[in-house]
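Heads up, the next two complexes both have chain A, just with different partners, chain B and then chain C.
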Partner chain A sequence: MMGRHRWTSFRARLPIVVSAIACVGSLVLAGAAGSATTDSLYQIDTGYGDFFYNYDFTTDSGAGWNTVDWGMSVIFYNNAEIEKVKGEAPSYWAGASVASPMWAYMWNNGTWGPGYDQDSGKKTDSPSCLGSTRHFRIYAPPTTDRFYNQSYGYYVVASTHYDHHELCDDWFDDSEGTEHDLANEVASQPGNAVWHDYANLSNYQWYDEGNHHWRQNGYATYVWVS
Partner chain B sequence: MRRPVTALLALAILAATTVALKPVRAAVLDLVAPTPAPGSTPAAAAAIVLPEPPAPGQSVPARTPVRPTTGPKLTDAQVSAAVAAIAADAGVRNLLGGADYSVADAVPWVTPGSVTPSVVGADVEITLTKALNGPVALPGIRFDDANVGYSKLIKHGVVHDASRLSVLVDFRDNAVVSINPVGAARIDELPGNAHHPARGE
Partner chain C sequence: VSRSGVRGPAVGRSVACAALLLLVAGVGPARAAVVGGHEGTWTIDELAGHRAPRQLALTGGGPAVRVPYVLPRGARQGPRLWYLLRLNATVRLGPKDGEYVLSAGNGQYTAAQILFTVRHGRVEADELGLVGGHSVATTRRRTLAVRFENYSQIRAIAPGAGELVFRLERRGGSPGTTATILGSSGIATTPIAPDELRLRVAPRAVVVNPGREVRIRFDLDRRGGRPDRPVRVVLSGGGTRRPGESSRVLAYAGVGSGRTGVFVLRAPARVGAYLLGIGVPDRYNQPSTAIRVDVVAVTGRRPNMRFVGGMSAALAAVGAGLYWRRRRSPAAGG
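So, the complex of A and B:
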């Protein structure tokens, strides 16, 4: 690949450095309410100076290892855009009225960022006492609702999980199942294609952290959007 | 004039305290920050370079994700303790009515919000030789907003085609605290369940 520019500027890191110093300096180790933790937080470099973090966060300030929500698990690329991808997964019909927002931190080099994007995502059903609902959130620079670089074209990234018994004994799991369910649904649209578990985002976690039941294998599925 | 002097004095004390505490803070951070993370922050995180994305029609060899060896794990003794707690639980016996089951998987349940999470229980998946169908009263737990403590509850419903159950064992009480059908099972709610606001993960 030609002229691929791999770097992340200190400027890109600065806002999060400040908030991290504030957080660590106070020695507050517990995350925000509902947050989970990871020992595998990394920048994901898609080339040309673009990056996003391999988890989304429960906060738009002080994002860090103890304020993560779920691992990024799907990359839609070539000609993707947030609302377009959501529209190509119609079984995920329930939106912000029943889904809470989370945040991703990213940088589309020369175009936008660094900064946070917020999304409540889409779910397959509304919350109930004994039912379950698949749920994804999808992120990109908010000014365009999509990243762009010469390698990936127009692309967006998503986190996935499965909500259970939200009104009663709630717990959350199965990032893998929702990753594959969502990717397959979007890939079933004409001209699209899917490669399951194509790239290692190094966000493997497989244990219960309170009601946050990590079930993610660390690999992201790629979906070509025509 | 007094206020500026007082303010300057306060600043000087703050600066001196910060300097004096620096080694202490560094030592504490060393204690709580394993290498390379979770003590790291996003800014300190290394970058992972992704491969070129595939083009339509491109054949890509099947990939088998490799599970890292790091992260919380259950010891053999903990797995045995969890399995024994399930076998001894009267609620499990009543639910299964004597039907056989096998242990399919067991993963750790850890305390959240810590850089050194400790295992407090096990999430054991059991496979039933005969699927459950009919009305049930299942034990469950609802965590507090800090996701640390929990309260117990009973779920009333009618279960359909439950051939796999997730059973949570709390090692602190050596007891089964939650049973949930998983996989393709479905539960229709019966009256009597206390509802709470959804928290939206």
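So, the complex of A and C:
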């Protein structure tokens, strides 16, 4: 009976369990240049032994509350994979040569982890002095480039933001705008679909921290990849 | 005339009978087979009632191929009966570099996603599922055999009509790449739950001083009817092995009636919180557990000299005060 109730709830809404176990200072705390901070760092438990942190990090050796970059904001699921998703967002064409890498901390049910995945992501344009580019980074355990479980199928997670005047007076913002722009573009491919702001990843932040202008509502958009 | 008059209705009756026979024999419009409800295997050859070709052809970037079926009343994914999707195929990759995704699912719910990457003449095939775990095969051959099965998604299993959907996607590469879905592909059911290996670890949280020994014990057991195969229990996150520490990987020929082991580590010199993992990679459900290790500085062994000094001074002052009162008090003198 217990299992039945659980699956019923899966149908109603894909399971997102924010683990209260590991918060903020549970990882090694080490500062890094250019890092921002948060008081909302949590493990997102997607079931079956999979988890990822609800932020990506500026370091691959000391993930913690003071080394975060951006909140995770999009989950691509069902038949997703890192390169496949990148290929389904052609507006985001500029890659690692112009985008700096960040790291996600995750675990894939024993296949990988706990450990870091690195990605530079994709941008809508090259950096410039006066221009702006939307930018996403997409993560999954690096040995597999996707998770699999029975609730999400094959899935990956992404963080999003908007870069401005990167070569001059730079600042960064609009996670929400890039989240929706990216999700809409991937969802426009045949067979794909989107649920905007579908699940609470508990990473709401909406204030300025230096040139890091937090603009994320805490909810992730889900994109069904066929 | 009479003959023709007789022949006319006779021909009509023959056609009607033939049509009826064909319909009864199921040669008419295909009706999906009912599958599941009990333990068994239903191949796409059987699902199609032997009416469809024994093999289904896919072309890279081409349309999906669908095989209908019907699940019985009450069908659901677990906990007593679990549905698996089986994908047996032959993939012929073209000469150009590129990436291909061979996928299969119950309707829109994907349960098989096999990645083929062709780079500089080498082919890498990458599988990920809850039965075989994760595996990567590298070869120079261009014709590859796929034998894959995986537990279907929970929402994919529901009573009523469904279909198996097979597709070969292409990113770059050669247009001539094809896959042949073999007739042995299909649906299987099993009472074996996906979580077949069980890993218990103790302790899950450790507080230790720098340089001290940390011992983490694990118990691994299995259930179900899947074959017992070699397993590796892997400790991750512990960094490079140091003197006095155990191996980071403990390998066993099989789980048997259960395995118990101990990982021995030395806490690093640097104070902080560390996350370790113990897992059984690439096997069945690949169980894993995280262990938190808090390395704290040594405290409380040396006396606090300020405190001792302060207390001594206070006691001396109180003693002197009492002594002075006794000397000045007449009663004390009497």
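The rule is simple: the second predicted complex is superposed on the first by the 196 of 226 C-alpha atoms of A that agree within 3 Å, B and C clash if a C-alpha of one lies under 4 Å from a C-alpha of the other, contacts with A are read in each partner's own complex, and residues count from 1 in each chain.
Here is the rule we go by: a residue touches a chain if its C-beta (ideal position, glycine included) is under 8 Å from a C-beta of that chain, and two chains touch if they have at least 3 such contacts.
These figures come from a predicted structure and were not determined experimentally.
Novice: Where does A:Ser91 make contact in the superposed view: on chain B (first), on chain C (second), on both, or on neither?
Specialist: After superposition on chain A, A:Ser91 lies in contact with neither partner.
Novice: Looking at the overlay, does A:Ser151 come into contact with chain B only (first), chain C only (second), both, or neither?
Specialist: So A:Ser151 meets both chain B and chain C here.
Novice: Go through the superposed model and pick first if A:Asp69 touches only chain B, second if only chain C, both, or neither.
Specialist: Only chain B; A:Asp69 stays clear of chain C.
Novice: So, A:Gln118: does it touch chain B (first), chain C (second), both, or neither?
Specialist: So A:Gln118 meets neither chain B nor chain C here.
Novice: Examine A:Tyr198 and indicate which partner it touches, taking first as chain B and second as chain C; both and neither are also allowed.
Specialist: A:Tyr198: touches chain B, not chain C.
Novice: Between chain B and chain C, whom does A:Ser188 touch in the aligned arrangement: first, second, both, or neither?
Specialist: Once the two structures are laid over each other on A, A:Ser188 reaches no partner at all.
Novice: Which partner does A:Thr143 reach: the first (chain B), the second (chain C), both, or neither?
Specialist: second
Novice: With both structures placed on chain A, which of the two partners, chain B or chain C, ends up touching more residues of chain A?
Specialist: In the superposed model, B touches more residues of chain A.
Novice: For chain A, which residues lie in the overlap of the chain B contacts and the chain C contacts?
Specialist: Residues 25, 27, 29, 78, 151, 224, which sit in both footprints.
Novice: Can you check the complex and tell me which residues of chain C touch chain A?
Specialist: Touch residues, chain C against chain A: 76-79, 99, 101, 103, 105, 108-111, 113, 115, 126, 128-130, 133-134, 150-155, 169, 171, 194, 236-237, 272-275, 277, 279-282, 285-288, 290, 292.
Novice: Would you pull the chain B residues touching chain A in the complex into a rising list?
Specialist: 25, 28-29, 32, 34, 37-57, 60, 63, 65, 67-68, 70-72, 107-115, 117, 121, 123, 140-143, 145-148, 150, 153, 155, 157, 168, 178, 180, 187-189, 193-201
Novice: Using the touch definition up top, name the residues of chain A that touch chain B in the complex.
Specialist: By the definition above, chain A touches chain B via 1, 6, 8, 13, 16-17, 20, 23-25, 27, 29-31, 33-47, 51, 53-54, 63-66, 69-70, 75, 77-78, 98-100, 105, 127-131, 135, 151-152, 161, 163-172, 193, 195, 197-202, 204-213, 217-219, 222, 224.
Novice: Show which residues of chain A lie in contact with chain C when the two form their complex.
Specialist: Chain A reaches chain C through residues 3-4, 7, 10-11, 22, 25-29, 48-49, 78-79, 81, 83-84, 87, 107, 109-115, 143-146, 148-151, 153-154, 191, 224, 226.
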